[in-house]
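So, here's a batch of structures to check.
In what comes next, chain A is part of two complexes: it sits with chain B in the first one and with chain C in the second one.
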Partner chain A sequence: MAKDTVTAPKYREFREIPVIVEGAMAESKPYAAKPAHQESVGFPGELVDNWQNVAVKKLGELVSESRALQVFLDTCVKCGACTDKCHYYIGTQDPNNMPVARQDLLRKVYRRHYTFAGKYFPKLVGALDFTEEVRDLWYSYFHQCSQCRRCSVFCPYGIDTAEISMAGREVLDSIGVGQKYCNEILGKVHKIGNNLGLPEPALVDTLEGLEEDLEEDTGHKIRVPVDEKGAEVLLITPSADFFAEPHIDGLMGYAKVFHQAGISWTLSSYASEAANFSMFIGSHENLKKAAMRIREAAIELGVKRIVVGECGHAWRVAYSFWNTLIGPFDFLDKKYPSPSHICEVTYDLLQKGAIKLDPEANDHRIITFHDSCNVSRASRMGDMPGGQFIIPRALLKAAANNFYDMAPETIHENTFCCGGGGGLLTDELMDLRVKGALPRMEALAEVVEKYDVNTLVAICAICKTQFAKVLPYYQFPMDMITSLHQVVGDAIILGENH
Partner chain B sequence: MTLTVLYAILFYVAAIVFIGGVARKIYIYAKTPAPLKIPTTPAPITKPGVAWRIIKEITVFESLFKSNKWIWIFGWLFHFGLLLVLLRHLRYFIEPTWFWIDLIQPFGKYASIAMVVGLLGLWARRFLVDRIRYISSPSDHLMLLLLISIGVTGMLMTFFIPINIVALKGFIMGLMTFDFKPLPASPILMIHLALIIVLMVIFPISKLLHAPGLFFAPTRNQRDNPREQRHVQGWSAEGQQ
Partner chain C sequence: MALDVGGKSIETDEEGYLVNRDDWTDDVAKAIAVAEGLDMSENHWEVVNFLREYYEEYQIAPAVRVLTKAIGKKLGKDKGNSKYLYELFPYGPAKQACKIAGLPKPTGCV
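Now for the complex of A and B:
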């Protein structure tokens, strides 16, 4: 959708729960994957014959392989506690964007084919056959879920709609109805090693340019090395860090930290991507295949540690899934947790006094922090629960004098999605993305009003891109969005200690 | 006499369906692998931590409390009332009754009121709140109707139309020891018991599975320790040494 046809919804004066508007977002759909995209990730190129049966069979398989699905599909009591928790419901008012209703799109089909009540009394329990109409609903509404897990925090049984929408997308993929954005990108990762399809020479070139910029800015020879065997640290970072704003300033921040701490590090041109969109489409074959490049690169380069850059879902995959998928990490140094988040590394160095920050360098910034969903609700930093909230804030407070949190019901595990996660960061979904950002923008507007906040910090590549796009719709400047390691990089005192 | 035989048979069938059905479901939940670590974080790191998280969910409905105070109040009234009422009913199954069952009798009596009030509140929400109206199917309404009817017929006997409790206990103990005694004649009791039989039969095929299900939700029962301890199960364990 073109920018002029998309408008931001109005702020809700008292944060009242909006009334439902049926079918409000029925037309919202991402572009369909082309046969080549589908095949590059191992799915049929176009709609298969007999797709109803194939889909139902696939659904049964997925449920039998996942305790989460098995339990979640049975236990929902339709209490309604989750109905007002999804940012897409709040922003669009479409009842199918209420988490329980989104689950029901899949649950109804599951019930029809796999439960006694659904087989014999479909009307009574609301069971449905997998018709073309239902398939379209799936395609539309499983692509209006950013898999942010906010609903799972509030459900009395921990039902995680993200698991359901991943399964729904995988069923659709398996009958040839994939989404272009995710599948095309994932194909590039398998072929070239990153989401952008940036080949090695171009990457080397870009990084050389960065080194020049860094020297010009700081007067120090700060390196951004790639494919250097024997380096201590392999940095796996989202490829957006190589070219997009404000991501690239974050990358320069990591480089400054490593430089100042005297840690040798390297990127890999073979595994030049932290993002792993396989999670969004629920495909564990692809999840493992994309992650495996990282193990291979770490062994090939002979590094001692793997550190992950600022990216939300990538940190979930790294923190929660890597050990399962590509572990054990017995070839790495046992002294450090594997993998580590760049924020953990910087925090640790700061604690040890190996780097020093001058907060006055950021006195022009009045900062607030956006907790990214996957970091908040699907991972951890440090050695205690909730470290993922404490560590980034500790870094910001050490690097700047003006820090204010947004309202408590919109941060930490209650955080609202930026509106662009879960494989929805594509232009044709701009209407959804702008509307889905509403609750986050409301909370931001509050601290802007109260404290004159002018900097919104995030540690996720998707959040950064999404905010850069949607902030202007809400009358905020687009460069308000800033990488955490840009703030750190601006405050770091270079040169003294080695 | 025919009624006694009929109810005896129905109770045996219902008990088999209920116990067998729930056991089968629990077996399926336990056996289905959880290939990845997916606790909703911040999550406990230790096993006692996880146990504490689940205890809070089943006793005070912690997540629901954060989520929605109205549903919490009605839901908690209903479940807490139900629990006391069920405990009170133990006196029909145990001879001699344990002292604490005698102790809670008066509370159990009034707990039935809490239970029905809670259920009515939950039902009202299904009509009054547009979001909850949208997600309710006929079975959700019928489930509440069923439980309310059980509660109300029970209360009628407790407060207004007493039945022969000694005879009822004889009937129930008889079922358990295969030493059959007649069921006391009371239309309300017949209805009450018939509804309970329906509840037992639908338990394993309905959303009432939330009770055992809660213990198996990976988002709640997993520890947050994927870096410290390698987790493999199901497909993620395939091809591992």
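Now for the complex of A and C:
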């Protein structure tokens, strides 16, 4: 890391389709998983013999197991609606980062082996064998997709490139070609319980330190409990909330909310991770195995509710998949949604008057909100359509007097990825991450110029880390990125319970 | 990858982290720092030594907040914040300082 050669692209004068730069990102690829990482998540340690056949067979299995995947592969009519919707294409100008081109990397191999025309007239339909060259293209470009699903919003058929890139990564894993970042981390979750590999004594020590800080800051004995049996709520939060900034300030915000509402809660040292990177690599077995720790911990601790902290893809996994993966949740209190998002909990308490916020406490902040992809396009909050957009904003507006949204084509279901999602939040992909942040940074620059916005709020651990890293490349201060529950925590009125 | 320290070859991974933690010496730390473009001052050493002590006890690097608090106690309150730590280690106190301290890279969404 002698010299940082990464530079941010210039803001575009006109937000039009960028000019193609063939092969611009051909060299971009993440570090390969070591045999030990691969084996820790049940994949072959090294490239298997006969890998072409194994890969083609695996692809066939995936297609036969998922009707959605087959429809996505069969229905594309090359209309071009998706081409300029991907932040990585906008930032890199590499045509393989157009969603349709990314899909075609896999579609061509599927056609060759699983369609009549591709089997007999491959050249006519652009069908390709799974050669070493194609394998390398897959490895490079399926790791230039953050699985944010923005393109699927604009596709008239709803083709979801995320599903295709997950399938591509799963095929690669099955032949021993895995990505270090995701697979090493997943191995740690299976072994220790969280992405960091943070063992129980270190977790306990960290949380004790937070309790000291909370008391020093507020004069109130606010607990951050772990492994406390009989608590009402089990909080499942990304382990970055124990480790990184600004994440940890969000964790302290959750603690203040629970404290003030008089809700007993606990973390679990066994299930100390909300993130589940299995989704990024499309692995059902790992998805279930990592999630199962949460069910086990909830039963062991005897809790009545499971609440999920600020983590984007974790909320998708929890909201959309937990019930089939680790449900039914018949042992939890049916008065509350299982699971609940921390924003739903805080919003509900605010509606009931169980907590009060003083927005003047945040008068030094001029706030905008970044919708995280998986929350926006793959889940919901509350009981109203669009609740995942309404609730975080309602909390921010209750906790602060100055709030401004970014341009409508860049928020809600149209939100742009932070540039680091989908298992790409790793240092060797920094060039891609900085370039992929371009459209979000353009939208941010507009509200900074217009309203003097100085605070960018997010509810996803990946987004927070990514922004802390890339903001300076665009001449913004890194500490501009803030946890939603830090803003709430700064505004909450502590004292006698109402 | 490998690092040459006083004629001895020290194995590192693709990102420059030590493969074997036992290879670490003051000279190895200095060599990693040079590769990172850093000049090790006394305050750099305070951070590196704290990281090593903490790792010894907990088998993991400390949270950024734990680190800033400890450094604040050692070097004065005005230095107990991440802004100061970023001045010392521009690529981030967690990753860059861990590398120099010979510890594994913190993983996850950090």
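Convention: the second predicted complex is superposed on the first by the 494 of 498 C-alpha atoms of A that agree within 3 Å, B and C clash if a C-alpha of one lies under 4 Å from a C-alpha of the other, contacts with A are read in each partner's own complex, and residues count from 1 in each chain.
Quick note on the criterion: a contact is a pair of C-beta atoms (placed from the backbone, for glycine too) under 8 Å apart; a residue touches a chain by one contact, two chains touch by 3 or more.
Just so it is clear, the model here is predicted, and its values are computed rather than measured.
After superposition onto chain A, the modelled positions of chain B and chain C are compatible, with room for both.
Taking the C-alpha centre of chain A as the apex, the lines running to the C-alpha centres of chain B and chain C meet at 150 degrees, rounded to a multiple of 10. Shared-chain residue A:325: touches chain B; no touch with chain C. When both complexes are overlaid on chain A, the residue A:197 reaches chain C alone and has no touch with chain B.
For chain A, the partner touching the most residues, choosing from chain B and chain C, is B.
Applying the stated contact rule after C-alpha superposition, one finds that A:42 touches neither chain B nor chain C. Of the two partner chains placed by superposition, only chain C is touched by A:31; chain B is not.
When the two complexes are overlaid on their common chain A, residue A:124 makes contact with chain B while staying clear of chain C.
Once the two complexes are laid over each other on the shared chain, residue contacts for A:359 go to neither chain B nor chain C. Touch criterion met: A:185 reaches chain C, while chain B stays clear of it. Overlay on chain A (Cα): least separation between chain B and chain C is 24 Å. Of all the residues in chain A, the ones that touch chain B in their complex are 17, 19-20, 22, 64-68, 70-72, 74-85, 95, 98, 100-101, 104, 115-117, 121, 123-126, 149, 152-160, 163, 284, 319-321, 323-325, 327-328, 337-339, 376-380, 384-386, 388-389, 413. Chain C makes touch with chain A in their complex at residues 14-16, 35-37, 58-60, 62-66, 69, 82-83, 86, 91, 94-96, 106-110. For chain B in complex with chain A, the residues that touch the partner chain are 25, 28-29, 32-38, 40-45, 57, 61, 63-64, 66-68, 71, 75, 122, 125, 129-132, 134-140, 142, 205-207, 209-210, 213-214, 216-220, 224, 226-228, 230-232, 234-236. Partner chain C is touched in their complex by these residues of chain A: 1-3, 31, 181, 184-185, 188, 194-199, 201-202, 205-206, 209-210, 213, 238-240, 242-245, 247-248, 275, 311, 425, 427-428, 461-462, 464-465, 478-479.
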